[in-house]
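In what follows, subunit A forms one complex with subunit B and a second complex with subunit C.
Up next, the complex of A and B:
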C-alpha cells in the first residue's frame, strides 16, 4: 500500500515538475494592462508550457516578490512601461535578493520607453551596460527589414546565433531570421565570466541616439559584435537573468511576420527564438544534475555503477599514496521536461580534480556508458605520493549551463611500515645483510673457539 | 486597351528604373598617409585608395606614426554626408573587430587619424596584417558600402615593452594536470653489489683461516662435554637459538613473539652459561688453556 502511495506521489510530483526544473510560478510585470493583448501569444506559449502566469502592474499594492521571506514566484518577466520607477516591490535590491534566492528574471527593454532606474541599477551591478540616452537604439544599414523600416533601418533581421565558442553548447540555434525591432543595445563587462551574449549585433550595426546624433553618428555607444541584443547572466547560484534588448521581439506583431531582407522575402522566427530564450532563462534547458560520485581501489576489475538512489555511494574513506583509484560520476541534463544523458560540447571536457588545497591531478573524464537519464563519466589514476586530506572534486562551470561543484573527501595515508619492500628485495642492501650474517657466523665460531679451544704445542711453549 | 497595357508596362519599366537607380554609397578622392613623428608635412608614404580594389601591399604603421585617412563620401555621384562612416579593423585570426568613426563634414569630406594609442592591445600584438575596411551607410534607400580597402601592418618597437593585460577569467576546460611523482629509490648496478657482497662474505673464511693459523681449535669439545655435558650443550644451543630468534624476527615474527622467546632463551643462556664457564675456568686453572 505504501509503495502505491509513494508511486502516486512520485507521479504527481513528476507532473508538477513537468516543465521548468525551477518551478512554475511566473510573474509578468506590465504597467498598462491594455498592452497585455500585444503579448498574448507569448504569454499563451508560456502557459501552454506549464507556467502559472500572473500579470501584475508595478503600481499594484499587493505586488511582492517575496512572501514570508521566501520567493512568491519562481520567475519574473519585466516588460517595459511608461514610468521610470517600478515602485517599492521591484527595487534593485529586491530584484537582486530574488536572484540570490535562485529566482530567474527576464528583462525586456525598449527604446521607446525609459528603462526603469531599478533595472538600470541591477544591470550595472551585473556589469551589463546600456546607453544612458533615452531613445538610443540599434540600427544596421545592411541587415534591416525594408518592409517596416525602409527609411529608419531600425528593424534588424538576423540569423539565429551560432555557437558562442567551440566548447559551449548552443541552446539558441534554429532556422529562419529573427527580427529585432528598435532594440536597446547592451555591452557586457569584460571581467565577468558570468556574462554571455545570446544574440550579438552584426558587425555593421551600431547604437546611436536619435536625438543627439540625427545627422551623423560621432560617438556610438557600441559598434558591431561588441553590441549585444540579447544577453545573459548566470550567477554563482545558477540564477539566470536575460536581457532582451527589444520588447517588441516578444510581441505578437513580430512572432511570424513577413519581412524583406536585402530584397528577399523572409518570415520572422521570433516565436521559436523567444521560446528558446525563455526556456533557457527559466531553466528548462541547460540545467545539469549530478548523480552519484563513486570511487574505488582499482584492482583491474572495473565496477559497474549502480545508479539507483536506494543504493548508497559507499565510497572508501581512505587510500594509500600511489594507489590506483577509479572514479565515476553520473551527470544528467534537464531538457524541456525530463533528464537526458549529458553530452558536453565537442571541444569541452568534464574534469576531475584530485586536490589538497590545489589540484594534484586534473583529469579529463571520458564517458563510459549511458543510462536512460544520465551519462556516466569516469577516469582512473594513481593517487599522488603525498599524504593528506584530499578531495575528489567536480567543478564544472560553463556558459549557459548551471554550475556543478561537488566533492568527496578522502584521506590519503602514507605507506604502513609493513608495506615497504623487504630489505632482501633491495639489491643495494645485500652487502649490509651479508655483513650482518657474516658477523653472526663469526660470533658463533668465536664462542665455540673460546669454549673448546685446546692449547697447541707452539702456544704451550710460548706461554712457558 | 493595348495603349493602356503599354502604358502600364512602361510605367512598370520606369518604376524598375527608379528602383535600380536607387543610388549606392561609396567614396572618392581617398588618400592614405602614414606620417612619422618629426617628419615634415607631406613627408611619409601616400597611397590612393580605390573603393573597388584593396591596396596590393599592406600599409605599415610604426609606433610613432600617424595614419591619416582622407576621403569624400558620395551617394551615387553626389558628395553627401552619411550617417555611418566607419573604418573597421578586423583581426583575421581572432576576428576581433574595432570600428573607428570618420569625422565627416556636411560636404562629405571625411577625416580619420589613427595612432598606436587608438588601437586595442590585440591589434598591436597581432602577427598577421589587420584588414581594414570602410563602412558607409545611411538611412533611406541608398545601398550601403562595405569593402576591404587595405591591410594594416602594425609594427611595434621591440625595445619598448608592452603591457599586456591579464586575460579575463572565462569558464572553460582547464589544462590537465598530471601529478609528477618523486623518482623511485634506485639501487646500484647488481654486479657492483654482488662483488662487494662477495667481499664481505669472503671475510668469514679469511677470519677462520687466520684463527686456524694462530692455533685456534675445538679439541676440548669432548672433554667439556664429558665434564659438563648439559650446561655446555644448553649454553651453545641457547646462543644458536638466540640467533635463530633474530632470524625469525627479521623474516616473519613481530616484537611480541620475539621478546618472550628471547627472555626464555636468554635465561637458559645465563644459567647454563655460568656452569659452562665455570668448567672453562676449571680447565684454565688446570693449565689446559
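Up next, the complex of A and C:
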C-alpha cells in the first residue's frame, strides 16, 4: 500500500512541469481585476509550472513586497494599468530593495497605458531607457501583421531571437513567429555589462509617437537594432529583471493567433516565447550551481581524486612554489526542474584564476567528465615562483547565466632548506666541487710532507 | 721572506755599482742577473719548511685562478658552489700565509710566545673548520 502511495506522490510531483530554483511565490500586480481574464492563459501556464500566483491591485491596502523585513514574494510581475502612480508599496526604492534581496521582476509595458513613475525610475536607474512620450510605439513597414495592422503597421511579426553572441547560450530559441503588438521600444545603455537584449527590433523598425502629426518622423527615439522589444538585466546578486515592451504579448488574444506576414499565413508562437522569457526571469533556466571544488598536489597517476558528492571537501592548505597542482570543480545547471551537466557555449570557456591580489595564472578549464547532473571541469598547472597567500578563484559572469564567484584560499610557501637540489646534481658545479676537494687533498699532502720534513727543524733547535 | 733576504744578497754580488755605468741593453742583462741572484739566494738561505709553504701557496693560487677563469668563461650559475670553491682556496691561502709568518725563523722575535708546533696545531684546526664550512656551503 505504501509503495502505491509513494508512486502516487511521485506522479503528482512529476505532473508539475517546472519548479523555479528561487521559490514559487509569485505576485501579479494588476490594477483592474476585470482585466485578469485577458491574461488567464498566461497565469494558468505559470500556475501549472508550480507557482503560487497572487493577483493584487496596487491600490490594495495589504499589498507589500516585504514581510518582517524579508521578501514576501519571490517573483513579481508588473502589468500595466491606467494610473501613473503605483502606490506606497511599489515605489522605485521598494522595487530595487526587492531585487537586492534576490527577487525577480518582470515588467510589462504598454503604449496604451502610461508607464508608472516608479517603473520609469527603476528602469532609468538600471540604464534602460524608454521614450518619454505617452503612446510611443514601435512601427515596422516590412515585418507587420497585415491582418490586424494593415494600416498602422504597429503589430510586428518576428522570428525567435538568435544567439546573442557566439559565446553566449541562447535560452529563447524556438520555432515560429512572435507577435509584438504596439510595443514600447527600449534602448539599453552601453556602459552596463548587466544588460542584455532578449528580443531586438528588426533593422527596419523605428519608434514612432502618434502625437506627431507630421508626415515624416524627424527625430525618432531610436531606430533598428538599437531598439529592444524585450530586454533583461541581471544584477551582481543574480536577481533578474525583464522588460517586455508589449503587455499584449502576454494576453490570450495573441498566444496562438492567426496572422499574415508578407502575404503568408502564420500562427503566432507567443505562448512558447513568453514561457521561455518567464522561465528565464524566474530562474528556471540559466541558473548555475557550483559543487565540489577540489585541488591537490599532482603526483602523477598514483593519486586519484574523489568526485563523490557525499565526501566533503578536504583540500590541502599549503603548497610549495613550483609545485604541480591539479584543480577540479563540479558545475551544474538548473534546467526547468532539475540539475543537468553544465556545458558552456561553443566559443566560451570557464576559467580558473590562481591569484594573489592579481591573477598569476588564468587558465581555461576543460571538461573532464560528466555525472548525471554535473560536469567536472579541471586543469593542472605549476604554482608560480612566488610565495604568499593565493586563491583558487572561479569568476564566471555571462549574460543570461547566474554569476559564479568562488574562492578557496591556500598558502604557497618557498623551498625548505632540504628541498634544493644537491650540488652534485648540477653539472655546472662540478668544477668548483673539484676545486674544494683538490684544495683539501693538497692540504692533506702538505700536512703530511710538513710532518715528514720535521728533521730540518733540528738544526734550528740546536742553535736554540 | 724574499724581501728580507734581498738586502743580504745585494752586497754579496756587488751589483749597485754596475747599473750606473751600463747602457739600456746592459740593464736588462742586469735585471736578469738580479732575478737569478734572488732565486739563488732563495734556494740557498730559505729553510726547507718555508719552501714547502711557498710551493703550497703557489699551488693554491693556481687552483683559485683556474676556478675564477672557469667562472668568467661559463658563468656563475650555482653561485654558492663558485663561492665555496673559490673561497676554500683563498681561505686556505690566508691560513697558510699566517702559518708561514708564525713559523718563519726570521720572525722568531715577534712570536716569542708561539712555538712552531702550536702555530701548526692552530693551522690544522683552522683549516679543518674552513673545509667543513666550504663543504657545507656548497651543499
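As a working rule, the second predicted complex is superposed on the first by the 424 of 464 C-alpha atoms of A that agree within 3 Å, B and C clash if a C-alpha of one lies under 4 Å from a C-alpha of the other, contacts with A are read in each partner's own complex, and residues count from 1 in each chain.
Note that contacts are C-beta pairs under 8 Å (C-beta built on N, C-alpha and C of every residue); 3 or more make two chains touch, one makes a residue touch a chain.
Being a predicted model, the structure only gives us computed values, none of them experimental.
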item: First (subunit B), second (subunit C), both or neither touched by A:206; value: first
item: Which superposed partner A:103 touches (first subunit B, second subunit C, both, neither); value: neither
item: Residues of subunit A touched, compared between subunit B and subunit C (which is higher); value: B
item: Which superposed partner A:438 touches (first subunit B, second subunit C, both, neither); value: both
item: Subunit B versus subunit C as contact partner of A:150, first or second or both or neither; value: first
item: First, second, both or neither for A:449, with subunit B first and subunit C second; value: both
item: First, second, both or neither for A:80, with subunit B first and subunit C second; value: neither
item: Partner chain in contact with A:245 - subunit B first, subunit C second, else both or neither; value: neither
item: Subunit B versus subunit C as contact partner of A:420, first or second or both or neither; value: second
item: Subunit B and subunit C contact sites that coincide on subunit A, given as residue numbers; value: 426, 428-429, 431, 434-435, 438, 440, 442-443, 447, 449-450, 453, 456
item: For the subunit C and subunit A complex, residues of the former touching the latter; value: 47-49, 52, 56, 59-60, 63-64, 66-67, 70, 74-75, 77-78, 80-82, 84-86, 88-89, 92, 96, 105, 116, 120, 124, 127, 131, 134-135, 138-139
item: Sites on subunit A touched by subunit C in the complex; value: 420, 422-423, 426, 428-429, 431-436, 438-440, 442-443, 446-447, 449-450, 453, 456-457, 460
item: Contact set on subunit A toward subunit B in their complex; value: 139, 141-142, 150-153, 165, 167, 190-193, 203-204, 206, 208, 215-220, 223-226, 322, 347-349, 351, 353-354, 359-364, 382, 384-385, 397-399, 426-431, 434-435, 438, 440-445, 447-456, 458-459
item: Contact set on subunit B toward subunit A in their complex; value: 81-86, 88, 90, 97, 99, 101, 103-104, 135, 137-141, 144, 146, 168-179, 181-182, 185, 187-188, 190, 193-194, 196-197, 200-201, 203-204, 207-208, 211, 215-221, 223-224, 232, 235-236, 239-240, 243, 246, 276, 280, 288-289
